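Pasting the structures here.
Below, subunit A partners subunit B and then partners subunit C, in two separate complexes.
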Partner chain A sequence: MTSPAMKKSRAFSPWPAAVFICLVVLALLFLAPTFGVLLAAMKSTGDIAAGQLWSIPTTLFLDNFREVLANPSVKIYFLNTFLVAVPGTFGSILMGILAGYVFAKLPFRGSNLLFLAIVSGMFFPPQIILIPLFRIFNALGILDTLWPLIIVHIAMGIPICTLLMRNFFATVPNALREAAILEGANEWQVLTRIAIPVSLPALAVLATLQFTWIWNDFLWPLIFTQSDEKRTIMLGLVNLNGQYSVAWGVQGALALMASLPTLIIFLFFQRFFIRGMTMGAVKG
Partner chain B sequence: MLRILRSAGLGALVGTGLAFGGGVALAADEVTISHYFTGELGREGLEEIFSRFSSETGVTVKESPIGHEDFKTGILVRAAGGNLPDIFSYWAGARTQFVVDAGNLQPIDAMWAANNLDDVVSKSIADGATRYNDKRYLVPFGYHYAGMFYNTKVMADAGITEMPETWDEFLATLQTLKDKGITPIALGSKDRWPAQFWFDYLLLRTAGPDYRAKLMAGEASYTDDQVKAAMGLWKSLTDAGYFAENANASGWTDASDKVASGEAAMTLMGTWITGYWNGNGLKPGVDYDFFEFPTVDASIPNAVVGPVDGLVMSAKAANQANAEKLLAFLVSDQKAQAKWSQVQGALSPNVKVDESIYTPVMKRALETVANAEAFAFNYDLATTPPMAEIGLSMFARFMDDPSGYEAYLQEVEEGAQDVFEK
Partner chain C sequence: MSAPLFRAVTMARRLDTGIMERQNTIWRILLLAIPLAVFSIFIVWPLLNSFYYSFTNWNGFNAEYDFVGLKNFSKVLTTRLFTNAAINTLIWMVAAIVLPSLAGLGLALLLDSKIRGANVFKSIFYLPICLSAIVVGQIWVWIFQPDWGLLNMAISAISGEPFTYAWLAKPGSAIYAVIVAWSWQQTGLSMVIFLAGLTGIPQDLTEVAEIEGATRWQRTWHVVLPLLRPATVVVIALSVINSLKGFDILYIMTGGGPFNSSDTLAMYMYNESFKKYRMGYGSAISVILFLITLTIIFIYFRQLKKVDEIYD
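== the complex of A and B ==
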């Protein structure tokens, strides 16, 4: 209980204010590039060339957005990116849940070593497997489809998903599982009825991370897709630039639109996000 | 029905049609092409050209466009993975030599002769850009010329009416501009390559095209007196304060903007700058113009520098007959070439293209190239890609601190020893 008198007597401390100001300055610095893109998106290339990048536009110039929206390829790019990002996110998380549960709750001889091997998958650069994968997909005849992207993203997502889910499941008390088994539940029911429902924060974190990574990926679609009808949004963004021409305004407009889905996903899962990030981290 | 029959016939001709039946027979009516001509104008121009080709020949063009820088990676992975398109765009010079040596390309001598391309393609481009290991591999699609582009008003205001032709005149011009408080030369070398034209021209003007060709091929040394002299000349310009400060902080468009706004007077750049400036509302010949890089030694043959965008056919092209048709069409069809020059701001290698399509500035660029005694590729296309990496970094370092250039050249030569396994 805090009485009004006690509140008044509390001395003004400069530290929270200083910290607050520092955070505001940092936040502004982090936002500056995005703001620059927004400004560029509302200007013609001629204005930007004349050194008008940071000035506030006097008229609302929306031609860049109009141009992007009128471009039929942009819709295809968005659709393709969704068709890769959604199954890629679900697939990798599903794999992570299954593997993580086994490593956390059903250890077997050598399971720690196997866990280490899977997690070490995070540490090698994807460029190493570029050409072998290209040859495999070429032999399978699925180049220039979305399948290689989905497959690679699921596979590349397994290490981080397994790591996070194993660490999260490790924080779920064993007693819960044992009680459920005593009640006659099998392992599948323990996983789906108990472990997964309590691990929603971790799933939210993974979904956000995976979706963002896959959405923003550039390398794999560059290599595995060829025709314009199979390209993803990040390639479309780059292709707006000509061999020697620049398209700051149009690129800015598309970049903003391309960042919307990841932003929406983040806002949707935000309340779980910070909780999930720290929950998985403490138990190794 | 007739079309299907014809497709089937062609499929059988190609040789693989019988084994796979209809699928491959249909594929005989198409040709695949991968290219780096992206951007709104480039894409639209190409689509128009391809649809004309399709309506004339009945062959469908399946294209795979990808941005310039990323194309470099993408196409090499496709080459390594054995999945090259029938045709792809490539930079004439050392890069094409590299894919020729790797066995990825197919010679096109027969197609060249059958279509009389000797009468179509400008001789200097045909001689310099299309032949590798004594065979013809590349069809030139468009090319650019690097010259000294300047702001006409700035020059006129400074009282400069005659553009410099010799080195002494050039130095006098620069000094006049500097005395008037104008930065004489803008250079945006953030991406390194814009600085290369200075090295190219200074070396070509002082040591000549033959020596430069040797240096590019690893047959001369970066510590030779010729290279030191060229770099020394470059340093004398930076020491005199003729270059805009912090060249490495800006890109080529920033440097172009400085010239356009009158902050600087000139920039050494390729003809694509005209496309950029025209797009920003500048009038060719009125707001800007160019002059040739000045002569340093009158006894040395006059060379021009620039890149040639070419098209090549892969060694395992699935639709070879169609690929040859498309290659011939793209270079010899005058409408296609005219369209392409206009959308891309490039010069056409096709000598039959009507010159009225060019702006006055581009027309003069065309004449300049035609009158030159040699056409040389810019540095990063003239020498091998690993060597170009080392050289380009040296140019950027030089712009940062020109005083250590002799030491830089020593390091570059050590790199060259590794690259060329001397």
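== the complex of A and C ==
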């Protein structure tokens, strides 16, 4: 028996245990879909068709992965996606640094309105600029190359990158900048030697977010590329799923491999990722 | 001139606000030039062009096209397919507000009670957000698969009779099946935002309520939930905005079918423009989509302002 004098919170309560069990059940339900892909990837097509997809495999069956790795298209898709995601990530962050610095440290009349206009860009569905962009890239003669993808990802990344960089630069004390200016530094030196070095966490946040989004993108390559040699991984995934139409195990292995880079980023940089998502969402 | 004096003079010059201001202007232009140019050329200019094309009958290939005035808009707004897509987008919006937001709120409240392994749980619920919509769609196509999908197998096991309903191939269920898949991915996002909101609530408040004798339920309902209003505004706005973007996952799961039963505005715009090559008509849809989004953003910013006023 607990004495009434004892603090109420110290008394036994079934609540934490109930919450814990509840969470475990929910977590298992939540993991089931992802787990299913893992299971499928380790099953032969025959097993899956026989209704064996959701059983735990007894032997390590890796033929599906071999099949995927032997497919030359898969290598091209991966390479293309890296060739888009890396410059796209760097480019958009660079834009965000430049614009964010001005909005944080060199505000001018109307700069808040301009900032708001740029940031609101992240709320609009990409469909509203699809047709004119198609026409522009067609006129430039770069349709069915990786260039439109890189350009569009840099441009579409400007709103979120500007938002996060401005918010981060705003936390750098003004006195620091003024002291450096009085010492004879120019704005560029303040940016590269003071503002950027203290903003490494913000850069990590943006790098994880941008890379993941660009890697997972589907719409832009769908519109701007046609030939198999220019496809990125998500478009390639859809294409190969058509090829391996009933080879569900191969499809599972493909989906897993296509998600691997973003899964790795998520596992190692989860904190940055979550922070970016909430910062972007809450401040937007 | 001696060195210290020279230094003093340059310092005084730098302090001269006139010179400073002129220099600042130069730096503003230098730093903003490239980002603003990229943003204007590849976002703003195309947006204006969408308006322009929406008054034409351009087909995507020919150099020539004619101005047709408001014909595209009058056609769009009277087509059954557009109304269908608009209603589906609305269904999607409502479902998006209800499903992932409520689920995210529930999870956040459960996780906030200092439970053991909270971080592991958070990661699990958050994991789907790093998967692409294409992969998420593929996973759920398997779950809804009529013969060996997880859902039908579970129903068969519970009812004892074989159950083979084709969720994604029936007009009555296709869009809801896609929404379930989408909610599974989005729940983690709203959970994280609600968690951020919960950490902002001072613990004293709930403790005072506890001492006053409020039950756990009363504390949640009367103290915590009202204080979560800012987070709720953000989550709802995000859900609405993201529902207007619903495309990838639809493309992979149903393609808008069967019989356009799961078409959304974004999907409809894509099909008209890039499948039927009616770019003028597609532009009119995108203009309507733009105006809807603009209205929502406007309401959202006003709500945020109101929230700020209440809590400041």
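Following the convention adopted for this analysis, the second predicted complex is superposed on the first by the 228 of 284 C-alpha atoms of A that agree within 3 Å, B and C clash if a C-alpha of one lies under 4 Å from a C-alpha of the other, contacts with A are read in each partner's own complex, and residues count from 1 in each chain.
Here is the rule we use: contacts are C-beta pairs under 8 Å (C-beta built on N, C-alpha and C of every residue); 3 or more make two chains touch, one makes a residue touch a chain.
Because the structure is a prediction, the values reported are computed rather than measured.
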So, does A:226 touch the first partner subunit B, the second partner subunit C, both, or neither?
-> first
When the two structures are overlaid on chain A, which partner does A:131 contact: first (subunit B), second (subunit C), both, or neither?
-> both
Name the contact category of A:182: first (subunit B only), second (subunit C only), both, or neither.
-> second
So, A:63: does it touch subunit B (first), subunit C (second), both, or neither?
-> neither
Tell me which partner A:98 touches in the superposition: subunit B (first), subunit C (second), both or neither.
-> second
Using the touch definition from the top, say if A:216 reaches subunit B (first), subunit C (second), both or neither.
-> second
Of the two partner chains, subunit B (first) and subunit C (second), which one does A:118 touch, if any: first, second, both, or neither?
-> second
Which partner, subunit B or subunit C, touches the larger number of subunit A residues?
-> C
Using the touch definition from the top, say if A:143 reaches subunit B (first), subunit C (second), both or neither.
-> first
Touch check for A:270: first (subunit B), second (subunit C), both, or neither?
-> second
In the superposed view, which residues of subunit A touch subunit B and also subunit C?
-> 49, 51, 130-131, 134-135, 218, 222-223, 238, 241
Note which residues of subunit A are touching subunit B in the complex, please.
-> 45-46, 49-51, 67, 130-131, 134-135, 138, 143, 218, 222-223, 226-228, 235, 238-247, 250
So in the complex, which bits of subunit B are touching subunit A?
-> 34, 36-43, 62-68, 70, 73-74, 77-78, 80-83, 85, 253, 256-257, 260-261, 270, 272, 275-276, 279-281, 309, 344-345
Seen from subunit C, its contact residues with subunit A in the complex are 10-11, 14-15, 23-25, 27-28, 31-32, 34-36, 38-39, 41-43, 45-47, 49-50, 53, 60, 107, 110-111, 113, 115-117, 121, 123-136, 138-140, 142-143, 147-148, 150, 153, 184, 189, 192-193, 196, 210, 216, 231, 234, 238, 241, 244-245, 247-248, 251-252, 265-266, 269-270, 273-274, 279, 282-283, 285-287, 289-290, 293, 296-297
Interface with subunit C, subunit A side, in the complex: residues 8-9, 15-16, 19-20, 22-23, 26-27, 30-34, 36-37, 40, 48-49, 51, 53-54, 95-96, 98-99, 101-102, 106, 108, 118, 120-121, 123-136, 151-152, 154-156, 158, 162, 181-182, 184, 186-188, 191, 212, 215-219, 222-223, 234, 237-238, 241, 248, 251, 255, 258-259, 262-263, 265-266, 270, 273-274, 277-278, 281-282, 284
